[in-house]
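The two complexes that follow have chain A in common; it is paired with chain B in the first and with chain C in the second.
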Partner chain A sequence: MTTETHWHVAPGDLPAIPASEQNASSGFLVYTIGLLLAVILTVTSFWVANTSVIWAPGVPAGLAVLAIAQMGVHLVFFLHITTGPDSTNNVLALAFGVLIVFLVLGGSLVIMANLNENMMPHTEMMNLQIER
Partner chain B sequence: MNVAVEMNAVRQGESLDISEAGPAPKRIIAGFGFWIFLLSDIVMFSALFASYAVLAKASAGGLTTVQLFDQRNVAMETALLLLSSYSCGMMSLAINSRRYLATFLGAVVTFLLGAAFLKLELREFQGMIALGAAPERSAFLSAFFTLVGSHGLHVTVGLAWLVLMIVQLSLRGFQDVVVRRLHCFSLFWHALDIIWVLIFTVVYLMGVLP
Partner chain C sequence: MTLLGKLDWSAVPLDQPIIMGTVGGMVVAIVSILSWVTLKGYVPYLWREWITSVDHKRIGVMYIVLALVMLLRGFADGIMMRTQQAVAAGGAQGYLPPEHFDQIFSAHGTIMIFFVAMPLVIGLMNFAVPLQLGVRDVAFPTMNSISFWLTASGVLLTNVSLAVGEFAKTGWFAYPPLSELQFSPGVGVDYYLWSLQLSGIGTLLSGVNFVTTILKMRAPGMSYMRMPVFCWTALASNLLIVAAFPVLTALFAMLLLDRYLGFHFFTVDAGGNAMMYVNLFWVWGHPEVYILVLPAFGIFSEVAATFSGKSLFGYRSMVLATMTICVLSYTVWLHHFFTMGASASVNAFFGITSMIIGVPTGVKVFNWLFTMYGGRVRFTVPVLWTIGFMMSFVFGGLTGVLLALPAVDWQVHNSVFLVAHFHHVIIPGVLFGCMAGYNYWFPKAFGFRLDERWGKAAFWCWFIGFHLAFMPLYVTGLMGMPRRLQHYDVLAWQPWLLVAEVGALVILTGIICQIVQIVVSIRHREQLRDTTGDPWNGRTLEWSTASPPPAWNFAVLPRVHELDAFWAHKQRVLAKQRLPVRQHAYQPIEVPKNSPVGFATAFFAVVSGFALIWHIWWMAGFGVLGAAATLLAFMFRTKDEVEIPADQVDLFDRAHPVEVSL
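== the complex of A and B ==
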């Protein structure tokens, strides 16, 4: 029950249990699990970037997945963004924030990659000028 | 009076519908407001990330990512920031159970780890500028210093905030308003660590790939 209650605490929220009855050990466990997961993911990221075992073109995608996983770990274990009733508004705001972040990042990258591809190489432009 | 007691009794129950629960307590509202601010900050960082990702190869004949970045330094920075996030969590636990000494200890450890991170980052910047890789050298370096620099600026502001909170805590004790500010600080500090996760992945690790 104690663990349950702790998980349903919104960010910046105090626990529902009075301070005297607060069981600090369950909170300690949550942060420690979060730290361990974050360390494992970080070490894996550094390993993936430096190893030659993995197919090289797949490395950036692997790094991206590891980073997103670690951000999830931080959100759940450190910021306590969970499915609890006090957290509904926070989750909705987070979903909107993630939408905007993906639009800004994805949109910029797609547009700029497209422009790069369609732009005439510098040398060809020089040749055109000379021919004229 | 009776009604108030009953309301409190009801509030303990988990099954209350959100439309019947009445206004949320101030601590939840403050946390939500601060969370909105953090999200807007993250949206700002996403624009900086986008510009960096577009300009990362535009080194204008100067030093490139592979030549500039030192992975050992980045690993140390990452470890320092992660540990300071953890000690900040320990501080939150100490606040929840109203333990003075543990709260101070958590705050001081968080401050020291954050300051060590900042020192490493500044040393890295100085080394880069000494090599001739200053922000005005190329579009890549402008984007790099803007992105990593604004994260460093956030860490600096966080450290100043933490010092202020230590002073407030010693002067006013565990007043509601002080506790709320401390919780907002811990949200801020954890969010900075999330942004750093993206920075060390996108800027440093992807930068040293062959």
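== the complex of A and C ==
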């Protein structure tokens, strides 16, 4: 059987991956680095929101970049999304989540914008009322 | 501020004979059951073996019992509405006043979706998925118990609304602005919101639990493409739960903020936008229908394969179709509000996606047909439900494709044509599926089969009654009858609604047959006993252990080498003409320890839910603190497993010899 190795740890079973390898991304150091990065990103975003050093319309963009970086930090350092072999499930789940968020947010924005547009009183009609 | 918030004696509708009669009946029933249990001395047993149990099989059974009890309530609401509509034509006003009728259709919809269909599906998954995967429990057993008890809390609050206060009059989706404080100042909408918030959290936790279990805890050798189809559909359904239920929770939280703290998310004034509620509700709502129906599809697949004595036709296409539906179900939600003012192009886009999602479902139907084609089909009760499903569901699905055409939807939107359509998919799809699963796995759960004759009678009553009750609604819908009518003037509708009433009575007969079926089966359990653990000549791992399975499910975890592992194993044994030598090297097994945490959390959840509904703030604080303290205490536990000694496992295995052990 070639696929004999394709299984995950079941209760009562020995772990499939040796403990030493498992620890690759969950040590104390990793969490500390993650925490530091997360704090730095948080503090920076407060600074960005209040500063006048940056061109004002650029602030939202800056905040968005920082937020996305923050997500990345959380995923890598706290949720251990890596490219390792045991992480296929996690990566797939993440991809699914991102896809759904994209569909839901994107869809809602399109739908709501479209509804708003259609609900606006048409300019000709407004004119009609004024002319009368 | 008074000590009891808005609560006083006027909350109990003493002047309403129908409500008071029902409440009286329910109180008598509950009190007599409780005192019977206490007098017989069953309380310690129930507490030890069921209420605090974290065993997925027990939790599954409790979910199903809960759902079946609520089916009675939901059906009572349904037949009350049918009776009202059968008589309240022209000059006659019927027996239900409008404000009561409004609560009934809202409660019926809410109960049927959240407290019948959901717990049935989740209960069956709880029972069968770990067994099919060949493992000993779900990933987080105690969380599983919390999930169940939170669902039960929602059920309890909904039922309390009958006696104390009122239920929502807003329909089962509580659209604002009607559901806002301005137009629904009573506690009805609050009952709706808090019940669903509690049970929603429970459902989300279940979703997390099952996704983890299926992805991480399969028997040795069970790669993805060797998983039974029911596990695949359970995976898809739970992925949808994890992605969809937070939307519902956030949505209800926003409506609660509007109602309690004067926010303006969905109000008419101050920049609120009620359309956003509608949009987000169906972002959850459409995936929800697939959360319900995908596991039912899984059950039909298992039943079709088992009772045709063949492997499932097109396993890979089945998996692919399931996962395609899982993703596509997030691309169609606008079809629930075609008429709300989107432009033609947006409507057309969602209309087309809605038609496309029918394709994978069609693939599945053909797979089931080809599975049965050429097989030696045994016409047992689960098979009858399956065939009944295939015949009706295809038509219900086709009326759905009709409704996916925006132009058609504009004509029949909010008519009883729609009511006919969604009952036509949800009853043959979800309910028939769960009935098939219930008859199919019952012997596994309790060690004896359900009576066939009463089971068949129940099926035929449901099947015929369903068509009598809902086909007429297509007709009156096309004649222009709107949904949710307490009274109407068009006498031409009445004959059709009388037929529908007869249909509901036939369904009632079916339900009675099911009750009789249980009683008769328990009486005759010795004749119906399943000693082999494999009463149907099954194909998947749940049939390889004893019926009912021990707390540890499998003495030795099965090794899986192919799809339909148990079937293949039986074939090998037959070919060799001898039973494999039993290995006697049993090892002690750790099983999760019982825990009252689920029950306690739910108790506090009910307290705070009730308090929040009635604005009794001190009590709400008490409930929240209590729940938090319970969870905290649980986190500091020192022991969460008990060890079953090897000789006990050995003893059980010798007392329950299964036909072939893996």
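Note that the second predicted complex is superposed on the first by the 85 of 132 C-alpha atoms of A that agree within 3 Å, B and C clash if a C-alpha of one lies under 4 Å from a C-alpha of the other, contacts with A are read in each partner's own complex, and residues count from 1 in each chain.
Assume a contact is a pair of C-beta atoms (placed from the backbone, for glycine too) under 8 Å apart; a residue touches a chain by one contact, two chains touch by 3 or more.
Remember, it's a predicted structure, so these values are computed and weren't measured experimentally.
Asks: Tell me the contact category for A:Asn118 with respect to chain B and chain C: first, second, both or neither.
Replies: Second partner only.
Asks: For A:Asn89, is the partner it touches chain B (first), chain C (second), both, or none of the two (neither)?
Replies: Once the two structures are laid over each other on A, A:Asn89 reaches both partners.
Asks: In the superposed arrangement, does A:Leu35 touch chain B (first), chain C (second), both or neither?
Replies: Touch partner of A:Leu35: chain B, not chain C.
Asks: Compare chain B and chain C by how many residues of chain A each one touches, and report the one with more.
Replies: The larger set of chain A residues in touch belongs to B.
Asks: Quick check on the superposed pair: does A:Val110 touch chain B, chain C, both, or neither? Answer first, second, both or neither.
Replies: After superposing on A, A:Val110 lies in contact with chain C but is clear of chain B.
Asks: Applying the touch criterion given at the start, work out whether A:Gly97 contacts chain B, chain C, both or neither, answering first, second, both or neither.
Replies: both
Asks: Would you sort A:Pro60 into first (chain B), second (chain C), both or neither based on which partner it touches?
Replies: After superposition on chain A, A:Pro60 lies in contact with chain B alone.
Asks: Do chain B and chain C touch any of the same residues on chain A, and if so, which?
Replies: Touching chain B and chain C on chain A: residues 8, 10-13, 89, 93, 96-97, 100, 104, 107-108, 112.
Asks: In their complex, what parts of chain A are in touch with chain B?
Replies: Per the touch definition, chain A meets chain B at residues 8, 10-16, 19, 22, 24, 27-28, 31-32, 34-35, 38-39, 42, 45-46, 48-50, 56, 59-60, 63-64, 66-67, 70-71, 74-75, 78-79, 85-86, 88-90, 93-94, 96-97, 100-101, 104-105, 107-109, 112.
Asks: Across the complex, what residues on chain C touch chain A?
Replies: Residue list for chain C touching chain A: 134-137, 211, 215-223, 239, 243, 247, 273, 275-276, 279-280, 283, 327, 330-331, 333-334, 340-343, 346, 557, 561, 587, 589-590.
Asks: With touch defined as at the start, can you tell me which chain B residues reach chain A in the complex?
Replies: Residues 12, 14, 18, 24, 27-28, 30-32, 34-36, 39-40, 42-43, 46-47, 49-51, 53-54, 71, 75, 78-79, 82, 85-86, 89-90, 92-94, 96-98, 179-180, 183-184, 186-187, 190-191, 193-194, 197-198, 200-202, 205-206, 208-210.
Asks: Residues of chain A touching chain C in their complex?
Replies: Within the complex, chain A contacts chain C at residues 1, 3-4, 6-13, 89, 93, 96-97, 99-100, 103-104, 107-108, 110-112, 114-115, 117-119.
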